[in-house]
Structure formats: C-alpha cells, structure tokens
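Got some structures for you, see below.
Next, two complexes with subunit A in common: one pairs it with subunit B, the other with subunit C.
Now for the complex of A and B:
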C-alpha cells in the first residue's frame, strides 16, 4: 500500500477534530470536502474490510455481480470450483473495464477492447492471435488484480485491499458476537430477496453510517409522523429505552429493548410466531438468545459503511399487520458530498414464499428509494453536505454537536453488567456510538500504517465509579 | 452449492447415435444462463457459458479427435490428457 501524504490543511483539520471529539465536537467540513474525500478513498476504503455482496447473490459457479470498494469497480464472482473471488474490474492490457454488466454468469471474461480473456478465477488465459501477438508473454503475471483478502460471515462477503489488514474476525472484534445473535439464530441462513435498490444522494456517506450507528434520537422528530400513522408499532418515546453498544473498532449498534417483559411490545424484532419457531436457542449462547428475544428494533453499522436494520414496520397500518423489515444498506462514496445508497432486503432461507413478498413490500414501502422513512432522511443528509461546503463552515471552522451522553449528569448510564462485548449505555439518549465511529474514522485517516485495534473503552468517570464500587 | 443454483428452462433435447447419447438443456442461474450437456451413460455433465460455446464454433474436428483420445472419459484412461478439476 502506498498512501498519498495528507496536505497541511487536511492534516490540521483531522488533528483539530481528534481533540474536539473528546468534547463531542465534529468538524462540519468533513461532510463535503474534495481532499477529505480523496484521503478517505485511500485511507479508509483502501484499507478497511468493506462489504461486497451476500453469497446468496452468487449461488452458482460463474454467477457474478459488479460491486465497489470506495469508487473502484470489482467483479465479485463464484469461480467454477465454488471459491468467491473479488477481482479489480480493469483489464491488465490497457485498463479497460472487463465486466460492464451489473451481473451475469460467465466462466471466462473477455475484455471488449482487444479481447484479452480471463478465467473467472482472474487468471489470464489468452488473447486474439495470441501466438502472433505475444510469443513471449508470461500469462501467469497478467491476471486480474485480486483483493488482498476475502472472507465471509453469515454469507456476507467482505474484502480488503490491504495485505496488512487483520483477518475479518479480528477486524469485526466484538461486533461478531452481535452479528451471531442476529444472523445465526435461524440455521437455514440468510438470503437476499430480489436485487439491491440503488439511488444517489447529494450527501456524504458518513451521514448514513452516523445515523445507523445509533441515531435513535432523530426518530422522535424527523420520523414523528411515522409513529403517528402507526407505521412502527412501538410508541416513539418508549422506543428510546434500550442500549447503545460500542462494539470496538468503530462498529456500533443500538437495540430497542423494553425495561421489563411486562411492558409488552414486539420481541425478536417483531418476527411472526411461525418464523420465531425456526429460531434455535442452541445456535447461540443463552445471553445472545436473550438479547434477540428482548429486541424490538436493532440498527447498527459495521465500520466503515455497512448498516443494518431489523424492525417491525408496515406502510398500511390500518389494513396490513407490521412485518419485520430486515435490511442491510451500504453508503458508497461517489465524490465529495455524494453518496450512492445500496439497499438489500433479506429473509431466512426457510421462510415461506408468502412471507417473503410481505417483507419485500414492507421494506420497499419504508426503507428504500421511495420508502416513507428513507425519504425523510435524505433531505437533512443532503443539507448537511450543503452546509459543510459553505463559507461559514470554512471561515468559522463550524463545529457540530455530538455531545449527548457526555458531561457530569449524562443522559445515559454506562452499563457495567451488560452481557455482551464492548461497552453499553442505557437508555438510547446518547451519541457515544457516533463518537466511536468518528474516532475510528480518524484512526484510519491519520495513521500511515494499518491502524491498531481500538477496543471500546468505558467512560473514564464510569471506570472510576466502577472501581470505587468494587473497592 | 445449493441444488437450486441451476434451474433448467425450456425443452431438453436429446441427440444420439449408436455410439453415444447426450442430453442438452438450457439452465439459468440467479444471474445468467448456461448450456448443460449431460452424458448420462458415462455420468459426466458440463455447464458451458456462451464464451465457451463460441470457442467450440471455431474448433476443427481434429480438435475433437484430440479430446477423444480418451474416448470413454478420463475415468477410463488414466494416461489421457483429461483436464477435469
């Protein structure tokens, strides 16, 4: 990996933000800036593990989809032997794009420019008039460039371009425990329904990651009308009870969990009884299964840009019962102040066909390009990016407030007895999750070598209190 | 690989003579399509994509003569230049 050096102004901005973040301040500028964007492509997306596809999108040998790491196109293909490959989509001859369809099935890829041809392992195997044109070419040196590491968890395929990156399990750290409790409880596994939805926004990718790291607070106001019409079957203020989790390495989650079982409301994210019957307590630990059972809603973000949501929702509250919308979404950078949202809907492989249709409809109606929730979010996110490139943001070094949960009498308590990895706070009036996201972002942006792991750490005051209590 | 990764579509055709019988059908995957050639008697089958089929079209019969140097399939001739993975 060869990183471009940071220019003076960018380095200064990051340095200032590192200090400000301890007080809950985030520089507005980072949400729309050419130099920050260029540095992110190399330092964040060029090094972090990023989501490529779900294995159910490429079930057969030769099935491929075209996906992106940052803004670079990659072919994600299952080769004839069944191994998933992540190959940079540029011919080694002149650099022309080899696969131009968004998806397909091929045992070999042939570049449209001069016809250089590759096996779906990436191996270069030939070209037109090969013996005349290339009597000396060593084909073994001219295969498609492969991602440095590829791995999967619960069928979610991730890749990193940095050979110095830790293994995926180490990268996920404490997040793995939470992914297991959400994605391993049904042994048939997960499957993507249909094709991913995609749309462009004039916003920064971090606004999506920030929101899904645990911005439950905005649901009280921006999505107020969703509660009023009954699109979500949980009272908006009651829904703030639950936990914010910093799982380490910048990965964050938020669980809506009732104070006690007597409070009623959905369990297992509102999955219907028929689906809940398929959940296998022995697939996870009792502590994990208990959190799954108590969860009304879960959101989270795997650093840097893969978010997920599990929530009971309906677009026709009077006539259609809420169903569990199960979605993952990736906020892909497309330039300074530009994002392409990719949204997938998931179901359990053994879910009845009728349930799939319902889940898809509920998902499309709520969290998609035309979804009633998603449309709410795009507007403020776009205005954040407009404000971020404003004159005021530059000349006054505009700082944004991420202070919720800090201070002498914090709005959320540190939970030393939380059974899972990372650190937890309750209730969900708290922005430590977003601060953890930006702290990890700064690690990647500032470090010239692969950033050291950053385990979640309890707040200093809380640490002292716990130490006193145990003394 | 799940069974359902390949789904046959359309009509299967059979082509045979006194020496061999093969079945040929189109199958679709989630993201594309292939031609499946099944030699039931020998127990072999292959899924060929359009580029591979195109490559067949410019072979000469001599190319196939070379492929047939192991005329019962690779299982029947350990020295044959079979290239099965």
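Now for the complex of A and C:
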C-alpha cells in the first residue's frame, strides 16, 4: 500500500475536526470535497473491509457479480473449488476490463482487447498465439490483482485491499456479537432476494452511513408522513425509547426497545409468529436472544458504508399487517458529492414463499429508490452536499452540530449494565453513534499506517470532562 | 366480419383499417391524457384511470452478455405495485411531509412509438410505448432523464373510456439516474 500524502489544507481540516469532534462538531466540507474524496478512496476504502456480495448471489462454481471497492471494479467470483475470489477487473496486459457483464457464470475471464485469459481463480493461463507472442512470459506473475483478504460472516462477503488489515472478526470487534444476534437467530440462514437495486444521489456516502448509525431523531420530522398514513405500527415518539450502541471500530447500532414489556408493541422486529417459531434460542446466547425478542426496530452501520435495517412496515395500512422489512444497503462513493445506493432485501432461507412476496413489497415500497420512507432522505442529503461545497463552508469553517447527548444534563444516559459489547446509551436521543463513526473515519483519514483498533469507551465522568475542557 | 356478400373485399379492408386508426387514436389520447395528469400533479385523478386490479411493475435491470438477454430481473423490482399500494404512495405525497416532491419536481413526459394490438381478452388492448421523463428540481440547471419502454394492457370500461389494467416499466438504466423514484412513469 502506498498512500498519497495529505495536502496541507486537508490535513488542517482533519486536524481541526479531530479536536472539534470531542465537542460534537463536524466540519461541513467533508461532505463534498475533491481532496477529501480522493483521500477517502485510498485511506478508507483502500484499507477497510468493505462489503462485496452475499454468498447466496453466487451459489455455484463460476457464478460471479461485478462489484466495487470505493470506485474500483472487482469481480466477485466463486471458483471451481468453491473459494470466493475478489479480483480487480483490469487485464494485466493493457489494463482493459475483463468482465463486461454485471452477473453471470464463467470459468474464465478474457480481455476483449488482445484476448489475455484468466481462470476464475485470477490465474493468467494464456493469450492468442501464446507461444509466438510470449516465449518468455512467466504466467504465474501476471494473474489478476486479488484483494489482500476475503472473508465472510453470515454469508456477507467482505474484502480488504490492505494486507496489514486485521482479520474480519477483529475488524468487526463488538459488532460481531450484534450481527450474530440478528443474523444467526434462524439456523437456515439468510439469502438475498434477486439483484440489488441501484440509484444515484448528489450526496456524500457518509450521509447514508451517518443516518443508519442511529439517526432516529430524523424519523420524528422528515418521516412524519409515515405515521400519518400508518406505514409503521409504532408511535414515532415511543419509538425513541431504546438504545444506541457504539460497538467499537466505528460500527454502530440503534435498537428500538420498549421501556418495559407492558408497553407492548412489536417484538423480534415484528416478524410474524410463523417466522418467530423458527428462531432458535440456542443459536445465540440468552442475552442476545433477549435483545432480539425485545427489539421493535434495529438499524446500524458496519464501518464504513454497509447499513442494515430490520423494521415492521406496510405499504397497505388498511389491509395488510406490517411485516418485517429486512434490508442491507451500501453507500458507494462515486465522486465528491456523489453516491450510488445499492440495496438488497434479505429473507430467511426457510421463509415461506407467500411471506417473501409480502416482505418484498413492503420493502421496496418503503426502503428503496421509490420507497416512501427512503425517497425523502435523499432530499436533505443532497442539500448537505450542496452546502458542503459552499464558499461559506470554507471561508467560515462551517461546523455542524453533532452534540446531542453531550453536556452537563445529557439527553441519554450511559448504560453500564448493558449486556452486550461496546457502550450503550438510552434513550435514542443521542448522537454519540455518529460521533463514533466520524472518530473512526478520522483514524483512517489521518493515519499513515493501518489504524489501531478503537474500542468503544464509556463517557468520561462529568468532572473529568470539565477538567479536560479546561486543560 | 361482415356477412354481406355484396361488400367488396376492398371495402372490408378499409373498414378494418379505419377501426384500427380509431383505436390507435384512442390509445394515443389515453396515454397523452395520463401524461397530462402526471405532469400536472393531478395524482388523485390519475388513480381514477387505473383499474382496481392494476399490476404496476418496474423490474431491476442489469448488464448481461448478449446471450443473457436484456437483463430484466424476474425477482427484483423498483415498483411492485397494486391499486392499494399506489394509492398509499399518492396519499403520502399529499401529506405535508412528503419532502421528496415538495416543492414538486417539474416533469414532462414524452410518449412516443405507440404500438397497439388486440390483447388476449376481448375488451383489452396490448400497448407498447416509449417514455422519456424529464425531471427538474429546485433551481439546479441539471435535469434528470428517465427513459423506458412501457408494456401496458388497456381495458375498455363500460363507459367506453379506457382504464390501465397493467403496466410493465422497462427502464433503459441499470443504475437509476435519479436520487429517488418519487414520480410515476
């Protein structure tokens, strides 16, 4: 890995932000800036583990999909031996594309320019008139560039380009416990439904990650129409009860959980009884199972850009009971102030067909390009990017307020007895999750070597905070 | 078919041709009227041209090799709607908190290449058309252009008016060039 040095202005911006973040300040310009974007591609996307595909998208040998790490195209392919490979889609001869479809099945990839040919392991095996053209070529040195590490968790395939990156389990840190809680609870496992939806926004990828890290607060206002039409079976204010969790290494979650069982409302994210019957308490720990049982809604973000949601929703409030929409979405950078959203819907492998259809309709009706929830999010996100590239953002060093939960009488309490890893706060009027996201983002942006792990740390006691502020 | 033996073959053909022209004209008027309702944001009126059993779908599209066909998914959708879910969308857009279309986009729908044929059911027509949707928002000079082919089934109502019983929207995009699909096609 060779990183481009940060220019003076970018380094200054990041340095200032590192100090401001302690006080809940985030520099507006990070949401639309050519130099920040270029640095992110190398320092964040070039090093972090990023989501590539779900294994159910490529079940058979030779199955492949074309995906991206940052803005770079990679072939995600299951080779003849069953191993998943993540290969940079550029021929080693002249650098032309070798995979020209988004999905398919191939034992080989052949460059259209001169015909250099690679096995689906990435190994270079030949070219036209090979003996005449290349009497001396050592093919073993000219395979496709492969991701440094590839691994998966619950079928979610991740890759990193940095050989110095920790293993996926260490990278996920405390997040793994929560992923198990959500994804291992049914022993048949998960699969994705069909191909991902994709659409393009004039916004920064971090706006999506920020929102799903636990911006429940925006549901009270931006998504007020959802309550009015009855798309979600939980009162918007009651839905603010629950927990924000910083799981460490920038990974965050938010669980809507009732104050007590008497408050009622959905359990197990609103999955119907028939599905709940398939949940196996012995597949996870009693503490994990208890959180799953109490959960009405869960959202979260795996650093940097893979978000997920489990929530009971309906697009037919008069006739169809809410069903659990289960989705992951990846916010792919496409340039400064440009993001491409990729959305997949998930289902348990043993879910009945009729349930799947209902869930899919509720899913695309609410959380998709045309979803009645999600179509509103793009409006503020795009205008954030617009403000971020403004003259005022630069000349006045415009700082944005991420202070909710800070201060002498915070809106959310630290929960020392929380049974899971990381640190938890209750209720969900709190922006520590987003501060944790940006704290980790800064680690990647500022560090010339692979950033050290950043476990979630409990808040400083009030006296310590005051002492530090005066220091 | 006429049973009058005195009618010439030429006469019959011209009658059929005339019926075809009238049908084509009615189909075009229907599609243009529908565009007018949508461009003018008269969405509640638009719901009235939809048949109660309407199927309104837009499959996700992906880039495939030539042998793999046009790449329309059979399992993934941008729209997978029926009358009730379309009504929910319209009712939501009518609330005070539908930011996606408030202020509303300026839309202009251009419908062309209309091809109508008798459908399997007697009072229905299978209609294919091209649609180009221009969408301008706020004061940005850039516009969004959504391009698609639409496969419709129009049903003749007892009143003699046409209603939309089925629409399949076939986008020319794999990754939609829009920040949201808060518009109908």
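Just so it is clear, the second predicted complex is superposed on the first by the 461 of 471 C-alpha atoms of A that agree within 3 Å, B and C clash if a C-alpha of one lies under 4 Å from a C-alpha of the other, contacts with A are read in each partner's own complex, and residues count from 1 in each chain.
Just so it is clear, contacts are C-beta pairs under 8 Å (C-beta built on N, C-alpha and C of every residue); 3 or more make two chains touch, one makes a residue touch a chain.
A quick note: this is a predicted structure, and the numbers were derived from the prediction, not measured.
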item	value
Joint occupancy of subunit A by subunit B and subunit C, clash or fit	fit
Partner chain in contact with A:85 - subunit B first, subunit C second, else both or neither	neither
Subunit B versus subunit C as contact partner of A:103, first or second or both or neither	both
Subunit B versus subunit C as contact partner of A:222, first or second or both or neither	second
Larger contact residue set on subunit A - subunit B or subunit C	C
First, second, both or neither for A:316, with subunit B first and subunit C second	second
Subunit B versus subunit C as contact partner of A:376, first or second or both or neither	second
Touched partner set for A:203, first subunit B, second subunit C, both or neither	second
Touched partner set for A:231, first subunit B, second subunit C, both or neither	second
Partner chain(s) touched by A:368 [first = subunit B, second = subunit C, both, neither]	second
Subunit B and subunit C, minimum CA distance [Å, superposed model]	7
Overlapping contact positions on subunit A, where the subunit C interface meets the subunit B interface	103-104
Touching residues (chain side subunit B, partner subunit A) in the complex	1-2, 4-6, 29-34, 47-52, 85
Subunit A residues within the subunit B interface of the complex	57-65, 80-82, 103-108, 110, 117
Complex interface listing, subunit C residues touching subunit A	60, 62-65, 68, 71, 73-81, 84-85, 88-89, 91-92, 95-100, 174-182
Touching residues (chain side subunit A, partner subunit C) in the complex	100-104, 193-203, 221-225, 228-229, 231, 315-319, 340, 360-361, 364-365, 368-370, 372, 374-376, 378-380, 382
